[in-house]
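What follows is a pair of complexes built around subunit A, which joins subunit B in one and subunit C in the other.
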Partner chain A sequence: MAELIGQDYTPPDIRAKVTGRAKYAEDIRADGMLFCRLLTSPMPHARVRNIDASAALAMEGVVAILTADELPEVPAPGNTILTNEPLYVGAPILALAAVDETTAQNAIAAINLELEPLEFCVDPLDSLRPGGPNARTDGNTPRGRETVAEMNTSEGVGEIKWTEQDFADAGEGQMPLGQHEREWSYGDVDAGFASASLVLDESFVTAGHAHHSMEPRSAMAYWQNGKCYVYGSSQSQAYIVPGLAAMLEIPPEDLVYIAEFCGGGFGSKGGAYPVMAIPGYMSKKTGRPVLMRISRAEENFIGVCRPAFQGRLKIGFQPDGRITAVDLYIVQDNGPNSGGGDWTAAGSAMSLVYTPPAMRFRGLPILTNTPPKGAMRGPGQNQLATAVEPIIDKAARQLGIDPVAIRRINAPDNSSAYGPNQGPVSSAYQREALDMGAEQFGWEARRARSGQRRGSKVTGVAVGQAFHSAGASGFDGLLRIAPDGKLYVHTGVGNLGTYSYSTTSRVAAEVLGYDWDNVEIVRGDSSRGLPWTLGQFGSNTSHTETRANYASAMDAVQKLKEIAAMDLGGSPEDYDVGEEVVFARGNPSRRLTYAAAAQRAIQLGGRFSGQEVPADINAMTARATEVIAGTGLVGVARDGFPTRGTVPALAAGFIEIELDIETGQFEIIDYLGVADCGTVLHPLGLSGQIKGGAVMGFGMAALERQVYDRHYGLPGTVGLHQTKPPTYLDVPLDMGWSAVDIADPANPVGAKGIGEPTMGCAAAALLCAISDALGGHYFNRSPIVPDMIMNAAAGQAQSHGPLHVHTQ
Partner chain B sequence: MLNDMMSHFELYQPADVDNAFDLLDRFGEECWTIAGGHDSLAWFKDRGKQPSAVIDLAGIAELHGIRETAGGIELGAMTTLTEVERHPVIQERFSILADAARMVASPQIRNSGTLGGNVLQDTRCWYYRFGLACYRAGGNTCYASAPEAMNREHAIFGASRCVAVTPSDPAPALVALGADMVIRNSGGERVVPASEFFMTPAVDIQRMTGLEPADLLTTIRIPDTWAGANFYFEKVADRGSWDFPLVNVAAALRIEGDRISDASIVVGGVQAVPRRLTAVEDLLRGRVQNEETAAMAGAAAVEGAEPLRYNHFKVPLMENLVKRAVRDA
Partner chain C sequence: MIESNSVYAGLAGSSASLPKNPGSGPDGPIESAIEASMCAQPSLGESSLGWLESRGNWSRRNFIKGIIASGVAVSGVPYLASAASRPALQAGAVERLISLNVNGQTRRVDVLPNETLAMTLRYKLGLTGTKLGCDRAECGACTVLIDGVTHYSCSTLTQRVRGKEIQTVEGLESASGELHPVQQAFIDELGPQCGFCTPGQVMAAVGLLMENPDPTREEARQAMAGNICRCGNYDHYLNGIMRAAREV
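Let's look at the complex of A and B:
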């Protein structure tokens, strides 16, 4: 083993990407194609009174409009495709198709849209006040959704209001703890606090921020022979099909979904999303292909964003820094619709990263008239990291303990437990990650520089941590050895940009002993026969898909051995595979090339060439196998490898900054990210995840803004300029990375995912470093932008209310 | 605001200024003059401005380039910010302007963005840019100074119904250097000092400068007055590239012996116009250049500041920047 695993290689799609030949959804053209533009809401909440499109439809080149009345109804609080009750500025109300985009936009300007303004709310605490505004006419909180699987199902909308007493009890600037929607606990929380020598009770805010995928979510669609062909922009491939087919109200087998490349998703393109269905409907209505290019401004709103938290953390410590108890309360800014499960994920993350022996979690999601919320890299876990890590530092400071030491004593290991049920984890080596990072970063020496002054510049040195559950199981692998001797690995994962689609495919090549040059990956187009697998999100692909590809490869190995035994004598157990031949273990000259075996498989038919498939595979995989049945030796299987509980991805980030207390600006001097991701599959890909995650984390911590005017409900930050994600000049040119590289026992090649916590640990580290440079001034807020640092350094009050949910 | 899709316009590309004046006179308020396009195209994409004719000045040779003259230098208004930043004479004698140009936006924007376009750009107040009918847009309210308004980037001086600020980095440097703006139209030429070129809302709430619709800013003249002085430019923004200043400072000091004989200090991002600190300059003349003098200058600079709800951070920030400028120039 390990000819391919752990080695760098050139991913097969990289040439197209760097030369610009890669075709994204908006690059697709077809004869007679129409362009579609959206009419979006200028108001935070309104009801469509009337749409008069007569003048628009009379314009030359305008072909059709599509309104919410023509689309299936979405039960509240689900995300609508188009709507007659826009719930946020930028919500799509109608679509219009014309021969070109300018004509379409001119026609949209000619539509007479009558809107009735409705009550709105952009801050959850405003809505929770007695008599406060509701984001929807039927309430301010989504109902139901106990599990992640139910997250997109809707059970209606309810209303929760806190009492004046709740607000009064909280005290000035502290988070009120009114009625919550969900609660869980384990251990004796009261006893934990009673035994603590230090108890902190901290209110915090983590502001939301937009995903800003570089490729906006454009889509092109046409219908042919009863099937709908959609070119989309998505992180995932197979996972998109059932959701998009449902939105289009067609069976999954009637949807051909093509998504070869994706210009970033960060969670926002993990599953099928509403506007993706518009070209399909418009094409059906007009009988012509339709391309809908989404603009940067539109993407800002419909591209969803990370939900903000307003929360409170009570946390007890022993003198040595060991946590005795945690009481965590989170209000999630849920946006206007179903939202996401960030707030509950944050609670579970708290239980694992800090291993409190006793913990209570309470929380609730509150609807606001801000862009829909969706999973963003480390959904919940990374907000938690930015909220909690500085509080851990505050405790360390009060207890006189080193920041690494206090994290080390609370760090999870293989015996740690996860979430409300305190279930097992497959492996956790956070202590090893902290030790490795401290050594490689030169922690002791750097830490001695904390607070060092150079003119108006002060050094801050800090460490941050984050976690994400990083692996699923039970999905399908599919591959084919063709008579040309080549291995074709069919993969249903998307092309998110991490190269994990190919890195995980290499596991099949590894198992079969293939030369990588003789392997082709079949992907990106559902008509090519792609197996069912989970979406490419949640840091799961490395773990999930290596399991699936291992399963299909082992199925192929078994079939090769059976064919060899049939043709060369003996039993299958007498044979082994390697170097693209199946050979007798005692006599390697008794051998069959893979090419010959593939030819035999075609002759044998049945399960050997995919004409018969295992009963336990998904219907999509069965259909995919039909596409290639009879053309070679087919390996197809459902991953049945044993599981061992939650698969944790853990990461630690070490940082040194220099902060100018006269300007509020800082420079990151150095950064090192360390991953606990099991066996390293692809060093270059991993370094990209650690460094890229860090850049995104620096943005989350100290740059990216989301401003809303509470009085008018209008967004002050639209697009890349106003929201300010990091530029080259905001991050160090060189960053270090490292990995614990200890195999996870719940994966056949030892792999766990890692993409998400690499962002959270960097964000947390930077926030901690800013506070460290300010001599232990804690903001209890993310992001910290220069005006806040300036106010803190000048000893004057902050401008924002302590619990205001947006950036100022 | 939310369109991201330009409407059609007729594009005119005059080859000389007379040709441009003909077009300006012919189309009047219907036309829009475009230099580097970074402000203009944003307006067009948002459909906040929908001119029927656009006059592109790129092809007019005399608007380009940097020339040494008897009493200083002349910069064509279409000179790119990269050219300003890299020009050896500017670097040697007026480095404050090169430093300011270098802080504008990003390398790509500086390569095509022009000095003239930069100083003529409109304010970045997000309410105004969002397309709301505020005073500056011809309406009858200021959204940014409302009690709950998000006005972190707005003015701490000189509010007059409007609280928008100048977004330019080079403009404070030009005012500090005592530059003259040469304005021409079909009727002739006039020369306006940079210190009078920019317009407060008290004078005209719908314009940032004194340029009339039929005018072209053709040339910017920098006299030798401050050539080779002790300069200081610093910009504080949220991020290191592609950002407008929260506050910037441009300072020129003449030092004789250990004393400041003369000073010119201008701050951007705190008022609708680059704010010339004449009182501070008066205070500085004859004093020793040291930490104490610098601190006094900083404190004097922010006297009378009237912060809004979200921007009182600009007061210590401006104080610190002026202090650093006086100390380190």
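Let's look at the complex of A and C:
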């Protein structure tokens, strides 16, 4: 092994990216194609009283409109494709198709839309007040979400209000602890606090922010031969099909889904999303191909966003910094729909990253008339990192302990446990990551510069940490050795941009002893025969797909050996594989090339060439195998390898900044990210995940947030110049990375994912560094924007209330 | 509809009622007509949400207003009425079938007065390598070279680049398939992640190296600052630029 694993290589799709040949959804053209535009809500909450499209439909070149009345009903509080009760500014109300985009846009402007404004709410705490506004006419909280698996399938809406007493009890600026929806705990929390020598009780706010992937979620669709062909923008490939087919009300086998490239998703394009269905419906109605180009402004609203948290953390420490107990309470700004499970994920992350011997978690999601919420890189875990890491620093400062040391003493290892059930983890080397980072960053020497002044500039030095679960199991692998001797690895993973679709395919090549130049990856178009696979999200691909591809490769190895035994004598166990031949162990000259074995597999048929498939594979994989059956030696298998509990990805970020206390601006002097992601599969790709995640983390910590006007419910951040994703000038000139590189025992090649905590650790590190430069002023809020820094430096009050979300 | 292949065809007739003052602007009749038409039309991408975006310090509407405020008088261009009822070309109107020099080739293309270069490239010339990330000069995914200088093609009027040399990402590869050093360096350093910003990053880097073949890393990032990469792969792109500079 290890010919391909751990090596850099040229991913097969990268040349198309640098030459402009890569086709994204909006690059697809078809004869007679119509252009579709959306009419979206200008109000945070309203009811459609009347739509008069007569003038629009009379315009030359206008072909059709599509309204919510023509689409399947979505049970509340699910997100809608189109709606007659828009629940946020930017919610799509109707779609209009015309022969060109300008005509469509002009026709949209000619539609007379009558809206009745309804009560709205943009701050969960406003809604929780007695008599406070509800985001939906039927309540302010989603119901029926007992497990994480049910998070996106909540049913019904309920109402929760706190009492005036709850607010009064909290005291000025502290988070009230009223009725919650969920609670779990382990250990003796009260005893933990009683034994602590330092107890901090901190309220905090983390802002929501938009994904703003570079490619807005455009889509193109047409119907042919009873099937709907959809070109979409999605992180995932196979995983999109069941959801999108359900939205289109067709069986999965009648959907051909094509997504060769995806211009970024960061969680927002992990599963099928509502507007993706519009071109399909419009094409069905008009009988013509339909392209829907989504604008940047539309993307800001329909592209979902990270939910804000308003929370409170009570945390106890021994004198040496070891945590004795944790009591965590989170209110999640859930948007107007089902939202996501960030708040509960945050609780579970708390239990692992800081390994408290006793912990209680409570929380609830509250609906607001802000954009729908969805998973964003480290959903819950990264909000937690930005909320908790500065509080850990505050404790370290009060206890007189070094920031690395306090994290080290609480760091998870292989014996640590995860979440409400305190289940096992497959491997955790955060202490090693902290030690490696401290050494490579020159922590001691840099810490000595903490607080150093140069004119108006002050040095801050800090460390941050984050976690995300990083692997799943039980999915299918599919590959084919063709009579030309080439290996075709079929993968249902999407192409998010991490190159993991390709890196994980290399495992199959490695097992079979293939020269990488003789391997092709089949992907990006469900009609080509792609196996059932988990979506490309949740940092899972590196772990999940190496398992699945290992399984199909082992199946192919077994079939190669059986064919060799049949043709050359002996039993399958007498044979081995390597360098694209199957050979007798004792006598390598008794051999069969893979090309010959593939030809033989076609003759033999049955399971050898995929005409028969294992009973335990997914129906989608079985259909995919039909596409290639009889054309070579087919390896197809479900990953049935043993598991060892939660697969943790852990990361630590080390940072030095110079903060100008007269302007509130800072410069990041240096950054080093360290990952615990098991065996390193693709060094350059990992570098990109560590550094790219950090860049996004810098945005989360100091630039990006959603601003909503409390009185009118209108957004103050829409375009990129307002939402402020980091540019070249917001990040260090050079960035460093490193990895613990210790194999995870639950994976055949030792791999764990990593994409998400690389963001949270950097965000946390930057927040901590700003506070460090300010001599230990903790904001209990992210992001920290320049006016907050200037207010803090001048000893002035902040312009926002301590618990307000969506503030400037 | 005559131009079913055009995303800009079929402009509604409101511009026909604009006051006539042909050819009086300092930029001459063509530019005046362009601005008049842009002023009169709801701009593409400016949906019911457009006004929200416009509340910042930059918007397409402000861009248009800025042009008008710079002293160009408004002129009447009645032919901007829908294509079916378009009258013959009048004084002060814009030639629509124009020649563009794109990637060394002369391309004849029918262009509307208010059409952006990004739209012409993507929807009329089939050059979809140039990406629309924001369509309002915020992200740089649409960056092309015009006479060797980087421009946002989403905010460049096609009518203004007649007679100039336009270079897009499709024009960098040699006929024999050899990549430009910047393209090769971006592959070697794994510059792209999702790849959507990549064509713009490539063109901005090519433009930088034409002007400054031996930039420092700081100079490179200043030159690239108009190109957002949401995947955050700036470090890899800068590594690529420095590698390309060594190899150019």
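Methods note: the second predicted complex is superposed on the first by the 807 of 808 C-alpha atoms of A that agree within 3 Å, B and C clash if a C-alpha of one lies under 4 Å from a C-alpha of the other, contacts with A are read in each partner's own complex, and residues count from 1 in each chain.
Quick note on the criterion: a contact is a pair of C-beta atoms (placed from the backbone, for glycine too) under 8 Å apart; a residue touches a chain by one contact, two chains touch by 3 or more.
Since this is a predicted model, take the numbers as computed values, not measurements.
Asks: Looking at subunit A, which partner touches more of its residues: subunit C or subunit B?
Replies: If we count touched residues of subunit A for both partners, the winner is C.
Asks: State whether A:Tyr708 touches subunit B only (first), subunit C only (second), both chains, or neither.
Replies: The answer is first: A:Tyr708 touches subunit B but not subunit C.
Asks: Touching A:His721, do we find subunit B (first), subunit C (second), both, or neither?
Replies: After superposition on chain A, A:His721 lies in contact with both partners, subunit B and subunit C.
Asks: For A:Arg21 in the superposed arrangement: first (subunit B), second (subunit C), both or neither?
Replies: second
Asks: Is A:Ala694 touching anything from subunit B or subunit C once the two structures are fitted on A? First, second, both or neither.
Replies: After superposing on A, A:Ala694 lies in contact with subunit C but is clear of subunit B.
Asks: Which holds for A:Glu60: it touches subunit B only (first), subunit C only (second), both, or neither?
Replies: second
Asks: Going by the contact rule set out at the top, does A:Ser127 touch subunit B (first), subunit C (second), both, or neither?
Replies: neither
Asks: Output check: A:Asn791 vs subunit B and subunit C. Expected answer is one of first, second, both, neither. What do you get?
Replies: first
Asks: Quick check for you: in the superposed arrangement, does A:Met735 touch first (subunit B), second (subunit C), both or neither?
Replies: second
Asks: Where does A:Thr503 make contact in the superposed view: on subunit B (first), on subunit C (second), on both, or on neither?
Replies: neither
Asks: Following superposition on chain A, which residues of subunit A contact subunit B and also contact subunit C?
Replies: 37, 40, 42, 89-90, 101-102, 105-106, 109, 295-298, 301, 714, 716, 718, 721-722, 726-729
Asks: Flag every residue of subunit B that touches subunit A in the complex, lowest number first.
Replies: 1-8, 47, 106, 126-127, 130, 132, 143, 146-150, 152, 234, 236-243, 246, 309-314, 316-317, 320-321, 323-324
Asks: If you look only at subunit A, which of its residues touch subunit B in the complex?
Replies: Subunit A residues touching subunit B: 37, 40, 42, 89-90, 101-102, 105-106, 109, 295-298, 301, 456, 662-665, 703, 705, 707-712, 714, 716-718, 721-722, 724, 726-730, 785-788, 790-791, 793-794, 796, 799-800, 808.
Asks: Hey, which residues of subunit C end up touching subunit A in the complex?
Replies: Answer in residue numbers: 1, 3-4, 6-12, 41-42, 44-50, 52-53, 55-59, 82, 84, 122, 126-136, 138-139, 141, 168-170, 172-173, 179, 183, 186-187, 189-199, 202, 217-218, 221-222, 224-225, 227-236, 238.
Asks: Touching residues of subunit A toward subunit C in the complex: what are they?
Replies: 8, 10-11, 13-24, 26-27, 29, 32, 35, 37-42, 59-61, 89-90, 98-103, 105-106, 108-109, 211-216, 261-266, 293, 295-298, 300-301, 496-499, 684-685, 687-688, 691-696, 714-716, 718-722, 725-729, 731, 733-735
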